[in-house]
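Shared between the two complexes below is chain A, which has chain B as its partner in the first and chain C in the second.
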Partner chain A sequence: MIAGTNTIYIDGQEIPFTPGQTVMDAALAASVYIPHLCHYPGLPPSGNCRLCMVETGGRNVAACIAQAAAGQEIRNNTPELNAARMAITQMLFVEGNHICPSCEKTGNCKLQAMAYHLGMLDQHFSQFYQHRDIDASHPDIALDRSRCILCDLCVRASRDIDRKNVFAIAGRGIDAHLIVNSASGKLADTPIAATDLAATICPVGAILIKEQGYRVPIGQRIYDRRTICETGLQEHIAQQRRDQ
Partner chain B sequence: METREHLLHRLQAIQRQFRHIPPQAMQQAATDYQLPLSQVAAVVAFYSFFSTQPRGRFDILFSNCTSCGYLVEGENLLQILCRQLQTVPGKTRADDLVSIDETSCIGMCDHGASMLVNGIPITGLNLEKLARIAQRVTDAIPVQHWPVEWFAIVDTVHRRDLLLAKHPVPGSALRQAFSQGAGETLAIIRRSGLRGRGGAGFDTGKKWQLSRDTSGNTRYVVCNADEGEPGTFKDRLLLHEYAEELFEGMTLCAFIIGATQGFIYLRGEYRYLLPQLQSALKRRRSRGLLGARILKQRNFDFDIAIVVGAGAYICGEESALIESLEGKPGIPRIRPPFPVTHGYLGQPTVVNNVETFIAAAHITVHGADWFKAAGTTASAGTKILSVSGDCGKPGIYEYPFGVTIRQVLDDCAAVAAQAVQIGGPSGALLGPAAFDRTLAFDDVSTGGSVLVFGQQHDLLTIHRNFARFFAHESCGFCTPCRVGTQLLQNTLDNIAAGRGATADIEELQQLGKIVQRQSHCGLGHTAANHVLDSLRQFPQVFPNRMRSPFTARFDLDQALASTRRITRQNDAAAHLDQHK
Partner chain C sequence: MTTDHQFKRKIKIATTSLAGCFGCHMSFLDMDERLADLLKQVELDRSPLTDIKHCGPCDIGLIEGGVCNAENVQVLREFRAHCATLVAVGACAINGGVPAMRNYFNVQECLEEVYLRGSGITNPQIPNDPELPLLLDKVYPVSEVVHIDYFLPGCPPSADAFLQLLQPLLAGQKPVVSPSRLHYD
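Take a look at the complex of A and B:
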C-alpha cells in the first residue's frame, strides 16, 4: 500500500479523508461503520462512550476525536476491539437501571441495538442498582436518569443546535448525573420543547416524549428493521444532505 | 491581569461562611459571573471540598492514604473519633457541631496519620491526640486557639543534591537570561536535557520552544502544584522552602515564551501555604522581580496569581487543570491540541511541575553541563523523592537519576520491604526481584512518590485502598474509567470479603486491560496498573482469599437487608443462616 496524501486505511481498506476530518467522519463517509453511541453527525464530538476505540500505531484512540492522518493504518473490526466494546456496553448496562422489556424505547434504543450488534448475551458484571432521580415535571417530556448513559448528546444538542443550554453533566465518577439548567432543577422550568433536537436525540430511554407510548408497535421499530450499522451510516448521510 | 476573584475562590469563601453552598449563592454566582447556573452547579458537584448540605462547624477530613491515612496499627482513628464525638462518618452531627469524613491523600505522608480541620492540616495523629481534639471540639474551642504546635509541619530532608543544596540568589537566573537573551537561554535548557518532573517526562525545552513558536494573542505560564498523587509531598517542601526559585523559574519561562501572566494551581489541601506564598510574591514585586518592567527590562512584564483547587486529583492532569483554571469542572480535554498550543483560554500555555521550574532556574544559573553531570544520559539531573510507609526515615530525598530502588530503601531504613509502589498508585508496584532497577525515565519512571510496604502489610488491603482512590477520583467522563474503576473496587472488595472465585483473577486481568487501554486520560490509563502489576508479580495475593472456584458474587443475607428495613423485621427468621 502506498500512503496516498489524503488516505487512511481501516482494516486494510483505503479510505479518503479531507484534512481536519476525524477518523470517524472519514469512515462513515466511506460507508465503514465504527461502533459509537456518543457521536452524532453535526454535533461536536465528545469521546466519552469509548465504543469507537480503534487501534493505530500500537495505541488505542477514539475514532470520533482522532484526526485522520495521511497513511494512517487503523484496525477497527477486530475480535479484541469488539470484545472491549462489548465489555463497555455491559458496563453501561450495569451502571444504570435498564428495563428493556418495559421501556418505551425498546426497539428504538441504540444501547440495546449495540448489544445485539456486538452479540452481547448477558450483563456479565454485577448490577450497581444506583438510585437515580426521575423528572416528570414537563408536560411533554420525561427524564428518567436511571436509563441515562451520560453520552452528553442532549447537552451538546441543546447548547449548540437548540441554543437553549438546558442540560449539563455534574458530579464525579459514578456520581456523575445529568442536571437541568433551571433554579428548580426541573425540566418544566426550562425552555425545552418536544421538537428540540435535545428532546429527541437521546440514544436510550432517558429522555422520552410523553403521550407517544407504543405508537409504533414493537416489532416494527427502528432496530427491528435495520441494524445499528445501517442507521449509523444513514445518520451521517442525512447530515451531509443538510450541510449541502 | 484578571481582577475578579476566581470562581473557585468565591465558592470556597461561601463554603467557609455557610459551611455549604446554598442554592441562592449558586444563583448569585451564576449571575455575577454570567455563567449558566448548571455550570456553577456542576462545579460545586465536581470538587470534593464543596458541599450542598451544611458541614459541621468543625469539619474534619481524615486522609485515607496508605501512609497518612487513619488506619494505624490495627486502629481505625476515624471510627474512634466518630465514637468519641457521637457521630457517623459522612453525616453532620444533628447540632451542627462536627462532621467527620475522609478525603484522598493530603500529602502529609511523612508525618503519619493526618487530617484537615476546617481545611488546615494536623499531622501525627494518635489516640492521645485524638482524645484532645475530641475534647476541644466538644468544648467548641475555635481552631485558632488549639495548640499551635499541632499545626507545625516540619519538612525532613535526608539527602540534598543539585536543587536542594543551595538557593540561587533571587534574580540571578533572570539577570543571566537577560544578558544572554531568550534564545540562548532556551538553547541552554534544551541542551541540559531537562524533562518534566511531574510524571510524564516531556522534554521541557521542547515544550517551551513549541509554545514560543506558536502564534497567539497572549501566552500563559502555569505551575502545576496540584500534587495529588498519594504518597507525594515533595512539592509541599518546594513550595514551602524553595518558592523563590519556583517564581524565578516561572518568570524565566515567561521571558522565553513571551508570557505576561502566570498561575500557580495550588491543591486545596495546601491552602495553609497560601499566606506565605502570597507574601513571597509581594516581596518579589517590591524587589522588581515581578510586575511591570522586571529588573528594568523595558519590554518584560510578568506577574503570578495563585488559584487554589478544591479537592480533585484529576486537576493535576494538565488539561483538566486548565479547565479548572477557567472555572469549570476538571474534565480532561481532547488532546491534541495540547495546552502548549491551545491552553488557558485557548492560548499557548506551558504547564510544568514545581520541580521542573526550579530545575530550569538552576540550569540557567549554573549551565547545562552542571545539570547533565548528574543523572544518566536519558535522564539528566536529579529527582526529588517523597519517601514514606514502612521505613525508619520517611521524608525527602534528592538523588541523581539512575539510583537503584535498593539504595533508596537502604537509605530510608526500610527493613525487609515486601514491595514498593513507585510513582504512587498510578505508578508501578515492584517486588524484591525489581529492587535493583533504577529510577530513570527509561527504567522506573516516577513523579516522586515512593511508598514502602513491609512484610506486615497485606497487599490486598493496599489494592483496595488504591482502587477506591481511583473510583473516587475518576472524573466520570468516560465509560471504561467511570464504571471500570468502580468494578475493580467491587471485585477487590468481594475477594477480600471471601466471596471471590478463581474466575475473578481472569476478571481483574480483563477489566484492568480495558480500563488501561480504552480510557480517555492518564487517570484511567494508569488506574489498573497496581492490579496488573500484582497479578504478574504477586499472583498469590488474590487467590489466597478464595474459598472455591465458584461462589456467589454477593452475600445473600446482605441482599435481604433492604427487605428487612422495609418490613421492619430483623429477627432470626428474617436472616438466612448461611454462615453456619
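Take a look at the complex of A and C:
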C-alpha cells in the first residue's frame, strides 16, 4: 500500500486521521471497533487495561495512547491479539471478585460484555479471592473495591470533568487499589454526588448508585440487547452527560 | 432382520449438583417437550433425576455447582473416572459462583456466623455429626480439581444453551456456544 497523507490502515482498511489523533480515536471516528475498557472518548487516555493492543511495525502498542502516523499499517482483529485480549480479560476476572449472578451491574457491565465479545467460557487462571474493602458510607453511592479493575476512569472523570479529585489509585502491581481523597478515606466525606461523571462512569460494579438496584430487570439490560462493539462506537463524554 | 436403531446404542449421560442450587438441573428440565426427543438418543445414568447413586461408564457428565466439601471432591472424581466427556455447567461449576463468596472469610468464621452468632438461633452449636462431609477451606471451581472438557456458562444456562451443547456432543462433534447465548447471569 502507498502511504497516503494522514491515512492509516487498520486490517487493510484505509482510515483518515487528523494530526495528533490517536489510533483509537481515528478508528472510532471511522466506526472501526478496537476492544477497550479503560478508554472513554472525551477523557484523556491512560493506557491501563491494554485490551486495545494492536500490532504495528512488528510490535504491540496500546491504540488509545499511540499517535496515528501517516501510512501506518495496523493489525487489530487478529486471532493472536484477540487471544491476548482474552487472557487479559480472564486475569481481570480472577484478580477481582466478579460473581456476575450476584452483581447489580450484570448486563450493564463492560468487563462482562468484553468477555462475551471475546467468547470467554471460563476464567482459565486460578481465582485470587482477594478480600477488598467496601465503602457504603455515602448516602447515594456505594463503592465495592472487589469489582474494581483499576481502569482509573473515575479518577480521570473526577479530576478532569467534575473537578473534585475524589479518587486515586494507590500502591503498585498487585497492591494497587482505589483510594478516596478525604481525611477519613470514606466517600461520605468527599463532595462526590450521584450525578457526577465519576459516580456513573464505572465500567464494572465497583461504583454503584444506591436505591436503583434491579430497576431494569436482568435480561433487558444494555449488553442483553447490544454488543460492546456497537455501544463502544457511540460513547462520548458529551453524550453521557446529555443522557444524565 | 434388525433395523438400524436396534444397533444404535443410547448415549449415557450422568448429572450431579455439587455446591449448586439445582437451578441448572431445573433449566435442563426447561427443555420441556424437547426432552422427549433427547431421550430417544440418551439414557440417564447417575443423576438427581434418576436417583441412581453411583456412576457407571458414561459418555457425558454434566457437573453443576462448585466444590465446597470432601464429598463434592469424591463425587467429582467419580464422574471424571467414569465420563468420557465432562462438562462444567453454570457459574458455580465454572468459577465457584455465589457459594464462593464465603472464600473471603475462613471456614471457622463462616461456621460461627451461621450457627453461633447469626440471628434467630436457638441452641447454638456447630454441627459435627460424623456423617456430615467436611468443608474445604474454600469453594473451588471444578476445573481446579479435575480436568474439564467443556464449559457452559450461565446462571443458569438456558434450556436452549443446553441443547446447543448436547446436540453436537451427541453427534460426536465439538460444541460451540454462540455469542448470543453466552451469558454469565
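Simple rule for what comes next: the second predicted complex is superposed on the first by the 235 of 244 C-alpha atoms of A that agree within 3 Å, B and C clash if a C-alpha of one lies under 4 Å from a C-alpha of the other, contacts with A are read in each partner's own complex, and residues count from 1 in each chain.
The definition used in the following text is that a residue touches a chain if its C-beta (ideal position, glycine included) is under 8 Å from a C-beta of that chain, and two chains touch if they have at least 3 such contacts.
Quick caveat, the model's predicted, so the values are computed rather than measured.
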First (chain B), second (chain C), both or neither touched by A:205: neither
First, second, both or neither for A:126, with chain B first and chain C second: both
Chain B versus chain C as contact partner of A:232, first or second or both or neither: neither
Which superposed partner A:218 touches (first chain B, second chain C, both, neither): second
Partner chain in contact with A:172 - chain B first, chain C second, else both or neither: first
Partner, of chain C and chain B, that touches more residues belonging to chain A: B
Chain B versus chain C as contact partner of A:41, first or second or both or neither: neither
Touched partner set for A:100, first chain B, second chain C, both or neither: second
On chain A, positions contacted by chain B and by chain C: 126
Residues of chain A defined as touching chain C within the complex: 93, 97, 99-102, 106-107, 112, 115-117, 119, 121-123, 126-127, 129-131, 218, 224, 227
Chain C - residues contacting chain A, complex: 88, 91, 94-98, 100-101, 103-105, 138, 141, 143-144, 148, 150-153, 155, 177, 179, 182-185
Chain A - residues contacting chain B, complex: 45, 47-50, 53, 60, 62, 65, 67, 84, 87-88, 91-92, 94-95, 125-126, 128, 149-150, 165, 167-176, 179-183, 185
For the chain B and chain A complex, residues of the former touching the latter: 23, 27, 36-39, 41-42, 44-46, 312, 314, 329, 334, 336, 471-480, 482-487, 490, 510-511, 514, 517-520, 553-554
